[in-house]
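In the two complexes below, chain A is the common chain; its partner is chain B in one and chain C in the other.
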Partner chain A sequence: MADKPKVAFYWCASCGGCEESIVDLAEDILFVADNVDIVMWPVGLDFKRHDVEAMPDKSILAALINGAIRTSEQEEMAHLMRQKSQVVIAYGACAHQGGIPALANQFELEEILRWVYHDSPSTYNDEKTRPQTKFYDENGRIPELPQLWNVVRTLDQVIDVDYYLPGCPPSPKLLKDAVIALLTGNVPPKGTVLAPDIALCEECPRKETKPTDLVFDEFKRPHQVMIDTEKCLLAQGLICMGPATRAGCGALCTIGNMPCSGCYGPTSRVRDQGAKILSSIASSVNGKTEHEIDKIIAGIPDPVGTFYRYGLAGSILRKKVKFEERV
Partner chain B sequence: MYKEKTEKGHQIKIVAFFCNWCTYTAADLAGVSRIKHAPNFRVIRVMCSGRVDPQFILDAFSKGADGVLIGGCHPGDCHYIEGNYKCLRRFQLFKKVVADLGIEADRLRLEWISASEGDKVRLVINDMVSKIQKLGPLDLPAKYKSWDSEMELLEKCVREQSNEIIKEEMEVISHG
Partner chain C sequence: MEKTNGQIRIGFYICHCGTNIASSVDVQKVTDFAATLPNVVVAKHYKYMCSDPGQDMIINDIKEQNLNRVVVAACSPFLHERTFRNATFQGGLNQFYFQMVNTREQNAWVHLDPLASTDKAIDLVRAAVQRVASHKPLEQKKVPIHPDVLVIGGGIAGIHAALTLGNAGKKVYLVEKEPTIGGHMAMFDKTFPTLDCAACILTPKMSAVKNHPNIKLCTYSEVEKIDGYVGNFKVTIKHKPRFIIDDLCVGCMDCVEACVYKEARFPDEFNQGLSRRKPVYMPFPQATPQLVLIDPETCIWFKSGKCKKTCVDACERKAVDLEQQARVEEVEVGSIVVATGFQPFDSKKISYYGYGNYPNVYTSLEVERLINASGPTQGVVVLRDGSHPKTIGIVHCVGSRDKNTNSWCSRVCCLYSVKLAHLLKEHTGAEIYNFYIDMRTPGKSMEEFYNRIAEEGMKFIRGRVADIYPDMSDPDHKKLIMKAEDTLIQEIIKVPVDMVVLSVGLEPRHDAQQVRRMLNISCSTEGFYIERHPKLAPVSTFTDGIFLAGCCQGPKDIPDTVAQAGAAAAEVLALIDRGFIELEPNTAFITEEECSGCKSCIHLCPYTAISFLEEKKKAFINEALCKGCGTCVAACPSGSIKQNLFDDEEIYSEIDGILNFDHISRELSYV
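Presenting the complex of A and B:
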């Protein structure tokens, strides 16, 4: 038992879907369990922080951390996992690029707290109570809560990361390949994203129907049209992130008749996925004057949420840079 | 008339992507015609305004540019027939993203300037400089730094803790 390599899973600002994807290994999870000892997995096993703290530095072969970093506790745990592990893998879109939680970077922390605890229509909070980081109870105990940071971060903005497993969530095949690569020591150079370095279109069954000269007369959203099950989604006027998104998922969404929303992040040649797909899509808009063009792009009501759905924290700007002064 | 610096003494920096065939030549013409204009911009020559990837613009902002100007041929005059239209389409959508992410509209500008319009280079640059001076510096590098200052405290604690552990280990080694 003792000489099996140790693997740890940890979650930060994430939905739990990445944990699901580990369970999605199905019978392959037996292979993983046969070959490694899982020493930390908050969702599945009863190991605590002090168990990890008691381990010698670098004694864990690999830590797979999912979720963006948003609180002081997540940040602290990320540092702890880094200290105890030889290899840290950013697991899933949130750890890789910020993911859905990073859409909070369109707002200041104060705006979010005010909305959630005071202003939203479903909130009843006359005393304007907000969660505190410290609380003094009547028995003299002082329970503490983590601090919520103003900026949502990718894992590599907080600690040194060795590899990335992209996706929301990563496909079980990618996870299995990564585990095998780690166990056999057959690992790629540091910083590699452990998925094919090609665009999603390459593995999309609709590829043959993608027009060489794409033209958008209008943009449609999936709920507004009956989507043709075989034709390229871009050719149907839908915004599909495929051309600027890394392959590796097996084109699950486009096979399921939904456009790609970009969760696998960019390929290695692209720095900012949102800017790149925007550039590609906008240049095919069928208009030559500002007026014609504006009329068509009005069909994209939320460009940041569309093009940076999973990548705002990891993008070049990272966060909304300026806010109007509020009285 | 332009002023080189803002009232607080900050020198505005504008990155200008000028197309080889029209606007760059116009800027050249402005130069040989000894037209005076604000010196706050750095020109990057591109073959076509259609070559300006939105990533270039974000890159310029993130490295400290206070404004980005793109100059291309007038509609219908593109050396590559369609390049300036592609640039315009991207610009119309991209400026929405940039505005949504909190960068003021005056910091990003697209102008059609033909090779003979040396004086328009002066007008556009002076106007852009004076508008951005009113807005003040954008200074994203400083912004990134201030965002990340919220992590410094913890990092300091972690460092001190690991230093303590190292100290303890050293003591064990020296005593053992």
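Presenting the complex of A and C:
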């Protein structure tokens, strides 16, 4: 046991899907279990924070951290994992680019809390209770809860990250390849995203059906149309993020008759995935007048949620800025 | 680079431009600031960076201080980017290790507050210094120049340019859309200020064009399409059908004589509709080439399919071909002279002058024909009602210098009005009134000409004509009253006249925009084509290899037109004799293994430089066709198209540089 390299998993602001994807290794998980010691995995094993704290620095070969960073606890744990690990891998779209939780960056913290704890139609909260970081229970104990930060951040905005496994969640194949690479020491340069550096169209079976002169007269959302199962989704007026999104998933969504939503993030050559697809699609909007153009883009009611579904925290937009916060 | 161990070493220079920049931008402060920026090794300011000492400063600093990047803050890159790139090269660096900041046009000349202007200069400098660090060495591609030339437009500008080029031994395609060359000048009677007869000086040049071994004259033809780029244009010329076989027709006019229309009954375009022609006709006696043509709009055969076709039988040479079709020809040229000319202002747009309603109101061009010996009346000035005018009023600035029509001064109207006044007086002995706003007679011998004519007894009234209406006291209602304020005596005056001449202004042709798009050149808001620089590149355009001559660039008289046509020809010759051109290396390119074949870029390229390789399923950019507009670069969703001089790293570092300032302290400093 002692000879096996140590691996840790940790989760931050995430949905749990990334944990599922580890289980999705199926029988390959036996290979992982045979070859490494898992020293931390809150979902699967009963190790505690103090167990990790007790370990010597850099004693863990690799920490795979999923989820974005939005609380003080997540930030502390990220730092701890960094300290104890030789390699940190941002695992999944949220750690990689902020993911769904980072859509919160469109709002100020106070707006979010007010909505969730007071204004939303399903909320019943006469005492106007808000989450507290500290409280006194009847036994005189003072439990502390993590604090919510104003901004949701990607993992690499908090700690130094060595590699990225993209996806919501990453495909089991990418995970397996990454583990093998780590175990054999056959690793790419630091900072690499461990997925093919080409856009999804490359592996999409619908590629052939995309015309070379595609322009957009209107945009539709998946629930508004009967989607042709073979034709390029963009050519059907659906926003497909495929051209701006890294390949590596095997075109799961487009094969499943849904447009790509962009979870693998951009290629290494693009700094801002949302801006890039926006710029690309805008170039082909078939309107001459402002009015015509407005009418066409009205078909995209939530541009941030569409183009920055996973990438807001890591993008140039990053967060809503109040005037006073400019400096 | 070995000397610097991979370190970036930037030399920064800001130019005073005399006082142009220094009076609004604190050059010392900018220099001090630049010195604090990362990688900046040298920061200096100098009175004239573009001068030899200024350039030597850069060259010496590169050598002595081991600089490997240069930033100059001065004027527009259009003016001196080449100068400083060259200095960078002379210092031993790749010339693209240079970045220019425009602190003159974008700063000193547009801002009044020196404090804010200096702050803006600092931001621009920070951006350039950050950007230049990521510059890469680039090579310029050399492209050979095809020695043949296309001249578009067969007026005096096109004729002169074509002859100059032909005489220099270059092959010229002269394309004119009308059936004859000669343009507007061929319609004029005499020309100011020398009063030579337009035909006498023009027709020899027209025949010279026709007979020139190096000029291929394509009349009744239009340029339909232009592909390619400087040195290598592919031009599609459409030859419209004359229904006469060019090679067989000798211009004997037998067919015209034989036409089933015994009387000429259709308005003659050349004579401004003042005379009539047949459906088969020669535009005017000296038309070049001497070929008749059939106008299908008026020919009864084309309109009804029924005609005895006497013209066909009359031609012994069998030159009449009623089945003739338009013919399309593709030619290759290396450069293009655009000499598409102007159109006269349409007087009907000013209703209160009554043109079209009162038969005795004429445009200046009609009067040119009326007084011309080969015109509709053989030079006798007879009004539409058959009478001879005793008093004539000439209205200057019709359609010009008026915010309701065209705001510009058409430059030639004062002088041609004076000329027409002289010629009308000579032909009719009438009393002549000139209504002018200002007499504008600049140019060699022009003021003398005006004085000379004024002394012939013309009346000059300083005032814009406000109204023209029939004189009710005249029993025949033929006389017209011209009402104007004589601004020199500040009185409203009403002058009864027999004839009114409207001195119409010059404006861009109705199809100027269409031609502009085809050529990919720019035009001003009024529609005249824009020269690359009004003083330093007056006949060049922003598209390399395309030059301007004549009134398509702005109103001008014949001497200036000919001078400009000569200049355009000289620029073309310089280009051809150089043999090659170095292309700006700012082209876009695709790294094949990075392209996913998503096809987003293919149809966006305005120059059709991108194609989709069906076998490889990848997009491909023909760099020779790429003009570096960046459209595809912005649109490539996976960032697989890159552009030299504008890669993401360079643009982002420039943006970071621009935005990276201290808001609070700056806002406080303005309070």
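We adopt the following convention: the second predicted complex is superposed on the first by the 321 of 327 C-alpha atoms of A that agree within 3 Å, B and C clash if a C-alpha of one lies under 4 Å from a C-alpha of the other, contacts with A are read in each partner's own complex, and residues count from 1 in each chain.
One rule holds in what follows: contacts are C-beta pairs under 8 Å (C-beta built on N, C-alpha and C of every residue); 3 or more make two chains touch, one makes a residue touch a chain.
Just so it is clear, the structure is predicted and the values come from calculations on it, not from any experiment.
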| item | value |
| --- | --- |
| First, second, both or neither for A:F307, with chain B first and chain C second | first |
| Contacts of A:R271 with chain B and chain C, given as first, second, both or neither | both |
| Chain B or chain C, by number of chain A residues touched | B |
| First, second, both or neither for A:I159, with chain B first and chain C second | neither |
| Touching partner for A:A199 - first (chain B), second (chain C), both, neither | second |
| First (chain B), second (chain C), both or neither touched by A:A244 | second |
| Which of chain B and chain C A:K319 touches, first, second, both or neither | first |
| Partner chain in contact with A:K210 - chain B first, chain C second, else both or neither | second |
| First (chain B), second (chain C), both or neither touched by A:S283 | both |
| Contacts of A:A68 with chain B and chain C, given as first, second, both or neither | neither |
| On chain A, the residue positions that both chain B and chain C contact, one per complex | 270-271, 276, 279, 283-284 |
| Touch list for chain B against partner chain A, complex | 50, 53-55, 57-59, 61-62, 75, 85-86, 88-90, 92-94, 96-97, 100-104, 138, 140, 143-144, 147-148, 150-151, 154-155, 158, 162 |
| Parts of chain A lying in touch with chain B, wherever the complex brings them together | 72, 75-76, 79, 83, 106, 149-151, 157-158, 270-272, 274-276, 278-279, 281-285, 287-290, 293-294, 297, 300, 303-304, 307, 315-323 |
| Chain A residues within the chain C interface of the complex | 197-202, 207, 210-215, 242-244, 247, 266-267, 269-271, 276-277, 279-280, 283-284, 326-327 |
| Complex contact set, residues of chain C against chain A | 593-600, 602-604, 612, 617, 631, 634-640, 642, 648, 652, 662-664 |
